[in-house]
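Should a chain be cited, it is by its letter among A, B, C and D, assigned in written order, with residues numbered from 1 in that chain.
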Amino acid sequence: MLTLIKGGHVVDPASGRNGVGDVWIEDGRINAAPESREPDESFDASGCIVMAGAIDIHSHIGGGNVNTARLLLPEYHKAHLLRPNATPLSNLGWSTHQTGCLYAQMGFTTVVEPAMSPANALHTHLELADIPIIDRGTLAILGNDDFLLSLIRDNASPDMIEDYVAWTVASARALGVKTINAGGSAAFKENVRTFSFDDEVPSYGVSSRRIVKTLQTAVASLGIPHPLHVHCNNLGVPGSFETAATTMGAAEGVPMHLAHLQFYGYGTEGKRRFSSAAAQLAEIVNASPEITIDVGQVMFGQTVTISSDALRQFAARGSARPKKSVIYDGEGNGGGIVPFAYKNDYYGSLQWAVGLELFLLINDPWRVFFTTDHPNGAPFTAYPALFKLLMSREARREAMENLNPQALKHTTLGSLDREYSLEEVAIMTRAAPSKLLGLADRGHLGDGAVADVAVYRRDEDAERMFGAAELVFKNGELVVRQGEVVSLRPGKTLRVATQPDKAIVKKLEGYHQQRYGLSLDWFDFPDWAVGRDEPFGEVPCRT
Amino acid sequence: MQNLTVNGVIIDDTFAEAFGMRATAIIITAPSRQWALEAARSMTGFATSVIGCGCEAGVDVELSPDETPDGRPGVRVLIFAVSTDELQKQLLNRVGQCVLTSPGSACYAGLEGTEPLKLGSAMRYFGDGWQISKRLGNRQFWRLPVMDGEFVCEATTGLTKKAVGGGNLLLLAHGGAEALAAAEAGVEAMRAVPGVIMPFPGGIVRSGSKVGSKYKSLVASTNDAYSPVLRAQVASELDPDINAVLEIVIDGETDEAVAAAMRAGLKAVIDLGPERGAQRVSAGNYGGKLGKFQYHLKDLLP
Amino acid sequence: MTVAWIGNRDAQVPLAIEHATALLVKSRCPVITLDTDVDATRAALALARRAGAVCDTLSDGVRQETALFTSSGGMFIAPTEAIRRADVVLIVGTLPPSAMEFLQKLAQTEPDLAGGKSRTVFSLASGDLPDEVAKVARVISARDTSVSGAAALLRSMHAVRRTAVSLEGFEELGAALAEARFVAIVCSGHGCDALALEMLQGFVSDLNTSVRASMVLWPASERGWGSALVSTWNAGFPLPVSFQSGVAEHDPRRFRASRLIEEGEADVWLHVGSEPVSPPDGIELIVLADVANPIDRAAVTIATAEHDSVVFSGMAGTFVAKAAEASAPSAASVLSQILEQLPEREVAPC
Amino acid sequence: MSGLTFTLLAEPTQRLDLSPLTPQKLAGLSAGEIEKIELGGGGDQVKVGDCFKVEGSDPETIVFEGGSKRLDWIGTDMEAGSIRVTGDAGALLGRRMTGGSIVVKGSVGPYAGSQMQDGRVEIQGDAGDLAAGPMAGELRGMCGGTLIIRGRAGERLGDRMRRGLVAALGGCGDYPGSRMIAGTIVVAGEAGRMPGYLMRRGSILLDRPPQELSPTFIESGPWFSAFASLLERHLMQEGIVDYPFLGEGPMRYVGDNAVPGKGELVISSLKV
């Protein structure tokens, strides 16, 4: 079937298109040259912006910790359903079903869950498979697991470490590798309560820096497209900008992605010893072409923080609102779920401003990514409001009027005039993620690309425009019309095809037998377990 | 000035001049009437005049067990001061030192009032963390552990800004004995009136005062016009056969209460007659320039 | 051999499915009870959405475990991690049979990530420990006090606060706790109710002010807990979840299956799982289970079997795949066939 | 004006959400408009007129004639006025009400008076579990007002209660006053196991020893306090009991020491 999206303003940074034109779809793919054929169906996109489907590189949409958050907070979504819209998280997209629908309605067609514990990989994939419409990917967490820490301690060869990383990625069906407070969760199990980049995990004598460098090297050597995704130490701590700066300094020319940099943008100036260091961080990012970051913007309201950084979440328990939380010591990372409400007080205002400063001060839209670290900074349903803040300094000015002026004084936000253009938005949410994740078949409207297309009715108000897409196509199929979901097709979970060596499998089998008395099968699963036909999509390694 | 004579007692055509005050009331209960009174007397001691005591206080009325919140004998105490802050301070000092300390006592709001004054909500810290807050209906109580059990104290009591201080009667008699008899009769009658206290010793004051003094540091000094010993030296108000004057000062929760008390006192003094009591009744004022309230004796006659 | 029954009479599976569907179609308040694998739970939830049914577990223990999470949360540790780290283990309350292998492992191994410390196992369990565990466990006794009282005593005595009675053997435990590298409290909704679990979580939290400690919460029913988790991501809420009003609602009291069944509010009861069930009068029971005979008084019984399936594993602390072959249909496939036959219903998105 | 009466036509075939039928929400509506109000709670779309005969006009005084365990959310968010139910009521009676009064002749389901803030609820029959308690996940139970259950209350009476007065006069199930934050619970009759478990503050008054008391409650001796009589008189004024409930020198226990808590459990010295 040949589909025509006619006469829209096409914004496709990958191909340089930025003007009125047509987009053709055939058999689920973009067909850039349909010659002179008649379309089977045609959609009038005049007055609309046409972009590729958006890609979210960092959003906690499924897996053990996310599900535990649902379990912990029934009262904050629709439990007490009398008036469902009156609960603080009722717009969160809490069930897998709603997650897929709400993302699609905003024109997002691929979302990456960035924190899958390999030990719970099957659980994560079961959940992701239940998210309709969109494609998903997920990053496997390494860096607090005994096996890796032991390898590093014992000075194992780079090959062996690469084999282990390759096995983990393959068995966990991951799209890349993430490290979260590398060594911190392992140290926490040994009763360590703070952990920095050059601190060592007690029983191993291995520093966080060494873990990060080891993983970064392995990921690069394996040709996994997405560089090591780093959640730094000291998240949220005043003065943490130094940790982030040190971590970026350790990239040493090799690609590295820093997650939710906003949470590290804090200095120690001012009466409250909590100030913005976003400008310093932005300067480092601007000067370091190997670094990419996503922001983790804070927006105001009730949310729940979900992180595999068990050490940090344990420390945050006291600030839980409502006062309940879960801390989990898993194999490797585990995690913590701490509900939190961002208020427009000093701290909340400052965090909000730091995120926006990073967006506006980092010059290259190819290296700064659009996230709220859903749901940590805000639920992803806050995206349309955030687009508006980026695209309108007037909107920012209005928002700042309701915030704590003392906090804003400690930031540069008031002096920033930059407004994101549609093309920059398209880079940040389409073209750049495609490149960052190695998803060559999407994020653009070039010939042969997966026909994920979002059509927005042009509107001065970016929040309205991006809140409800006029049309969304997923693999060429119309899934959203005028902001309403019209089809619940199943998506796929994208995984990178690493080829682990047989020797490592044997070694791991021995390890698991010895340490747990359990077969390696307990830590792996066959594809059929996900319970869907062809649940996975394959992404090649770089060669 | 046309004086009236009733039952042989001359009633000056004058008025008592009184001032608006801040007042509050508390109810003190105890295991027995005696101990309720002990606590009340202790906390209302040294509270004759705001000039030197910070407040004026006294027992308004005794309460039978079925009239108190906890079913024990009690008394209602009224406290008057010139400002809310001073009233609050005096209330807490006095309850803290004299009621909290008194065996078996408890302390409750005695007035609804227009706004709250802290009572238990400030005293609670004595509990050192072991205090317990309890709410019953719309009322909140604090329970403080003490050596004979618990001191129960309502969180707040009420403040009234409609209180009146300085209602008075001047009783002019032939001699000291007659003046005292008249004053005693007056006070006894006034005590039956709810909502008033007579803050001076036994309800009676002999050292009536005038505004100002030759000494710069004093704001008031002896009422020379009514002192028989100065009769020959100042512009005296006293007739030759008057040799002693006593005054009853009345503070009331309301204008009406003061008037009612003065009416009752006046009646008792008149009933006693000039032979055994006062020959003449007058009242103190400042020419109507200072006080908001005026109680004309002729309006209060029986 | 594929078998099904309508009442006590043999029936072809398609006919039994048709009959079950007809019962659901005319039902005003259908209830589905689950104790099963992931796919069957997914299918049951989809069916419940379409039929306006309530989904729940029959496991009271799972209910207690769910309540611990919804009302207070806590600190938990994967059982496999506890095996490697815990040098002090305290077993509280009765654990379900599925936990016995884990307890044996704890008793028979030494932690390899405890800095060379060996493991001491304490037991405040109310009996039924495997011999290997009973042999090594130091017994803490609360005498006649119930498990909730014992949990309260633990916490209070550890904090050196007064108690009306003492735990026998606490001294040794107290000394071990003070020196511990990692304390694992092992318990279950099977033997502890939600409040006792919450009390134990308070104890864990107290311990963490000085040492590391966490809880191994062994699910009262592995499949039941798995079903609860699937419901949580699928519907947004743990079990019980009701679709009666068209949207998912969670309420452990109003929608408790056993109550709906006993009080006659439910009129059709579809049970998917291995627990023995018996319907009260006035309710039509449909059972999908691995059985060789029809369930007494059931309107429809369909023999199902676990094929390749995914179930929750207490030991793994997560879902694991179990390969299996069987001739009987899977519960998931039967539920899906019923779903296909049910008429569409106007349903608000969950 | 006569009160507004809803006469139940037949036992409802599904649970009904009656939260729209409170004095404030019905103010100014005609009988015809009221009959068209849609009631959620079950699968079928049901209007008031399908289930009830509506008579009268003054919504300040609402009567539900006949009753059913399926009538949920009666008096939810009610601010003032009165509701009377002549039979049973379902779950969540008086949920989050801030004023007014509700009287139920029969028995009610779980969560009666859940998170109520003020006002008065009287149930002449029994109440289900978690009366005055929170719903799943919520951290706060009743925050004020008075809830009286003349019959027996279920488990966890007054769970996580913060303020107010709850009385169950026909006994109660296990864990009355569990996780109580403050407030007062009175139980006459058989009380189940472990009253005051995990309680932080608050008072639980019993007229006899409970089935089991947590060993983390410590006897603090007979209680002589003016507050005891203050409380007794309050209970009598509220029409909860008609005799001095505690007697002379009732035994007082404090706890829950496990938490640690500063709550109290007082057992009447009167013999029952």
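Here is the rule we use: contacts are C-beta pairs under 8 Å (C-beta built on N, C-alpha and C of every residue); 3 or more make two chains touch, one makes a residue touch a chain.
Remember, predicted model here, so these are calculated numbers, not experimental data.
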Of A-D and A-C, whichever chain pair has more C-beta contact pairs: A-C
Core chain by centroid distance, with centroids computed from Cα atoms only: D
Inter-centroid spacing, chain D versus chain B (mean Cα positions, whole Å): 47
For chain A paired with chain C, centre-to-centre distance based on mean C-alpha positions, whole Å: 32
Mean-CA-position distance for chain B and chain A (Å): 76
Residue numbers of chain D (touch at least two other chains): 17, 135-137, 139
Junction residues of chain B - those touching two or more other chains: none
Numbers and ranges of chain C residues touching at least 2 other chains: 70-71, 245, 250-251
Chains that touch, pairwise: A-C, A-D, B-D, C-D
Chain D-facing residues of chain C, complex: 28-29, 52, 67, 70-71, 142, 145-146, 148-149, 151-153, 155-156, 159, 161-165, 195, 198-199, 202, 244-246, 250-254, 263, 265, 345
Interface residues, chain D side, partner chain A - complex: 17, 19, 73, 76, 135-139
Of chain D, residues touching chain C in the complex: 13-15, 17, 40-43, 69-70, 72, 91, 109-111, 128-130, 135-137, 139, 175, 178-179, 193-194, 197-198, 212-219, 256-260
In the complex, chain A residues that touch chain D: 72-76, 79-80, 82, 322-324
Parts of chain B lying in touch with chain D, wherever the complex brings them together: 29, 69-72, 104, 106, 130, 132-137, 141, 143, 149-150, 152
